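In the two assemblies presented below, chain A is common to both, partnered first by chain B and then by chain C.
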Partner chain A sequence: MLNVDNIYAGYGRIPVLSGISFTVTDHQVVGVLGHNGMGKTTLLKTLIGQISLTSGAIRFDEADMSRKSSFLRARAGIGYVPQGRSIFPNLTVLDNLRMGFVPASGYPEEQAIKGILAQFPRLDSIIDRAGGALSGGEQQILALARCLCGRPKLLLLDEPTEGIQPSIVDEILEILIRLHRDHGLAIIVVEQNLEFIRRLSDRVLVIEKGVITGEISPLALEETPELGGYVSTE
Partner chain B sequence: MDLAILVGIDFVNGVATLALMSIGLAVVFGMMRIINLAHGEFMVMGSYSAAVAYHHNVNIWVAILIVPPIAVAVIGAIIERVIIRRLYGRMVETMLATWGLSLFIVGILTTIFGSHTEGVPAPLSGIKVGNYQTSGYSLFVILMSVVTIVGVYVVLRATRLGLLARGTMQNAEMAAALGVDTSRIYATTFAFGAGLAGLAGGILAPISGVFPSIGGSYIGRAFITVIGGGPAPLVGTVTASAMFGFVNQLATFLSNPVYGEVALLVAAVILIRLLPNGITGRYFRRAL
Partner chain C sequence: MHPFVRSNASLIAVGVIGIALLVGLPLALELFTLLRVTLFVIFAILALSLAFIWGYGGILCFGHSAFFGLGAYAYAVSVINVGDSTLPIVIAMALPALLAAALGYFMFYARISDVYVGVITLTVTLIFYNVVNSTAGPQYRIGDVHLGGFNGIPNVPSLNVPFDPNAVLGPQDMFWVCMVALMLVYFGLRMLLRMRFGRVLIAVRENESRVEFLGYDARLHKLIAFSIGGAIAGLAGCLFTAWGGFISPTAFSVVQSAQIIIWLMVGGVGTLIGPMIGAALISWLTASLGSQQTVDANVVLGTVLLAFVLLVPKGIAPIVTDQLMPWFLSMCRSKPSVASVSRKDKT
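And now, the complex of A and B:
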């Protein structure tokens, strides 16, 4: 599904990713672990097209995405839930969801949103509230639901549990596990919460200084406590 | 009583004219954070397109209501692609570029049409109010101002294009990550604002006459209204137009039009001193 081949990227002249390669097969969930500042968020931003490649190639469903604009990658089936959620603060919950709808997905907008609200009943009761007036947890659920309105095949999740209360973290985890199990959604998740990444991922990549330095199985996260060092914050 | 009605119509007409002049500039500024100093010349191009269409035997209503917004929206779309697109996020450079553009447009219009005034007749005759008579076209301007503002509200609030525009203006990077072609949204929004300027120019052509340099008088009043109104394009335009239009008409009524203009400027200075971010920068913050 996704083939990342020796990509280099950064901010201006400051390199952040220095030759990253990996693949994600259909229906696979890949976790990404690493210290702060190692390039996890940059990796996801590069995959969605918010940061340009310096070199290397990104192929998604056999199509070359390396130079394509962000909106074309989204329309091709890559969904992105950024760190901090980026809810449109002055739009209502419903309008935020409508922003996520991709007409090219082949489903009518109303049907797509109805389906999403069935999966996220918490949003139904706050449908007319402004996005900026929601709690952090509600915003995270909305960001996820908004992204799913476009029916992505691959979901990029950047720290979905950051600053969220534990009950909502569990709710998000259950939703993601269900989406993966029932709909075969592929996911790349960057996360500091080891339990979250262990329960969700099929495999876990370790990133250090912009390079993938290793791959571990989710079970190893439970059995090897020192791996917690990969998520320590400064 | 009849005189009171006439004065009331004059007051409302002053407010409506100001709102009509400003709404295109307000949409472009409020949605895109671009101060288009060529807005007055966009209005003039609307006026000229109405005059040219009328003199080529196009129906007068089509000439003032249909031709100008379409012609100027197309020109606006081209200008967005050639000039504005390269300057997003750089307000000072955009102001300089659009100021240069305004001079260029005045030069082109003078070369093509000369510096004399083109006439477009008002398609409505006077209306009797008791023993007095008022311009039927003034009432039409009021009506068109209301229709235009309601139309802009409907486009922004009730259409998918309006939703995508509002979302893009709040966070373009996120909108693009959701599949929105933000370049197209910017181009469409700018063309929409230009079309509104063209419509205003077409409607005002029978009142103000048409000559190349009249844009300078439009942009000054529209600019003051938009800055006074603040970031919300619709509510800002309506409230600032109401305030400045009322002050202008009151001073004109009590003295003469020159003092009316002075009073408008004084009111604008006081408002900006008290509310540096405009009316909607303090009040109605989440309004459209």
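And now, the complex of A and C:
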């Protein structure tokens, strides 16, 4: 599904990613672990096209995405939920969801939104509320739901549990597990919450100084406490 | 109240007010005042064009008079050459739209935004101003029209009935045409903003990257909005020239551009009704101050702008809709009716 081949990227002249390669197969969930500032968010931003590649190639469903704009990557089936939710605060929940629906997808908008509300019943009761008036957890759920309105094949999640109360973290986790199990959604998740990444991921990549230094199984996260060193402690 | 009426109350109110003004003003006002009001209506159309691209698209165009002036000159040159105003109206809208599309393409696709867009558009209008100003020589002609440099182009024919150059519109007809044009532009923009295009445009204003992550081409949306704004400004320029029968390079001036921004700031950026009110109010104030010798008009206008920026930064329309209207409605609800009071007294 996704083939990342020796990519280099950064901010201006400052390199952040220095030759990252990995693949994500259909229906696979890949977790990415690493200290702050190691390039996890930059990796996701590069995959969605917000940061340009210096060299290397990104192929998605056999199509070369390396030089394509973000919106074309999104239309190809890559969904991205950035860090900090990034909903539209002045639009209502319904309008936020409508924004996630892309007309080119070929199925009716109302049907897509009904389907999403069935999966996210919490949003149904606050459908007319402004996005900015929601709690952090509700905003995160909305950001996830909005992204899923576009029916992505691969979902990029950047720290979805950051600053969210535990009950909603569990809710998000259950939703993602269900989406992965029932719809075969492939996911790349950057996360500091070890339990979250362990329960969701099929495999976990460890990133250090812009390079992938290893791959571990999710079970190893439970068995090897020193891996906790790859995440920030609060 | 019927749900359709409730959800479209403001649209219906504007429509009713518009029709009332369209019918009532020519009956109530003398010709000179009606001519003045026609000018305010034309300026309201110009204000709407910037209100759309700045207030909803988030594109701060400092040189909006470039499109206004281009529309005005395009109309003047083509109507004198053609003799019939039908095609020149189309040209006066198409040329500024094309300029906006070309300018927007280079700005938005090069990821230029915010203050740089302001600087570039300001530079473009200055270039137009200087170029047109220096076309006084006899060699600067387009067909039968001598551009006239700083003297401008006089004796520009007014609008006529479509395809009938002999049926020239009088001042009262011009008022009707301008009012209808204003209402068409207003309702057209409202309709556009209710569509998916409008929703995406507002989202682009809030955050361009977020919109792209969802699969929308933010730059294309900005480009289309900018071109529509250019076309509307061109229409205002065309009506302005047809109204006055004269156009000069001051149409491209920085003062003209600044004035449009002031109308929006006074009326309220992010609304459509506010800029129309701002344009009419400031234009009326400018005209009234210009007819007296006691106070310098620019000092008063500057003071008004400062007062609005400091005291009413959101402008008139948001203050009325967000604060005064809810307060008024709550007062109406809490105030017992005369009938209920008298019933109480009897008991």
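Note that in this section the second predicted complex is superposed on the first by the 232 of 234 C-alpha atoms of A that agree within 3 Å, B and C clash if a C-alpha of one lies under 4 Å from a C-alpha of the other, contacts with A are read in each partner's own complex, and residues count from 1 in each chain.
Definition applied: a contact is a pair of C-beta atoms (placed from the backbone, for glycine too) under 8 Å apart; a residue touches a chain by one contact, two chains touch by 3 or more.
Predicted model, so just to flag it, every value in this text is computed and none were measured.
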- Message: Quick check on the chain A-based superposition: chain B and chain C, clash or fit?
- Response: clash
- Query: Looking at the overlay, what does A:Ile127 touch: chain B (first), chain C (second), both, or neither?
  - Reply: neither
- State whether A:Phe71 touches chain B only (first), chain C only (second), both chains, or neither. both
- Task: Check whether A:Ala57 is in contact with chain B, with chain C, with both or with neither, and answer first, second, both or neither.
- Result: neither
- Check chain A for residues that touch chain B in one structure and chain C in the other, and list them. 48-50, 69-71, 74-75, 80, 82, 86, 88-91, 95, 98-100, 102, 104, 146-147, 150
- Message: Can you tell me which positions in chain B touch chain A when the two form their complex?
- Response: 160, 163-164, 166-167, 170-171, 173-182, 286
- Message: Looking at the complex, which residues from chain A come into contact with chain C?
- Response: 48-50, 69-71, 74-75, 79-80, 82, 86, 88-91, 95, 98-100, 102-104, 146-147, 150
- Note on the structure: Listed in rising order, chain C residues that touch chain A in their complex are 196, 199-200, 202-203, 206-207, 209-218
- Note on the structure: In the complex, the residues of chain A that touch chain B are 48-50, 69-71, 74-75, 80, 82, 86, 88-91, 95-96, 98-100, 102, 104, 109, 130, 146-147, 150
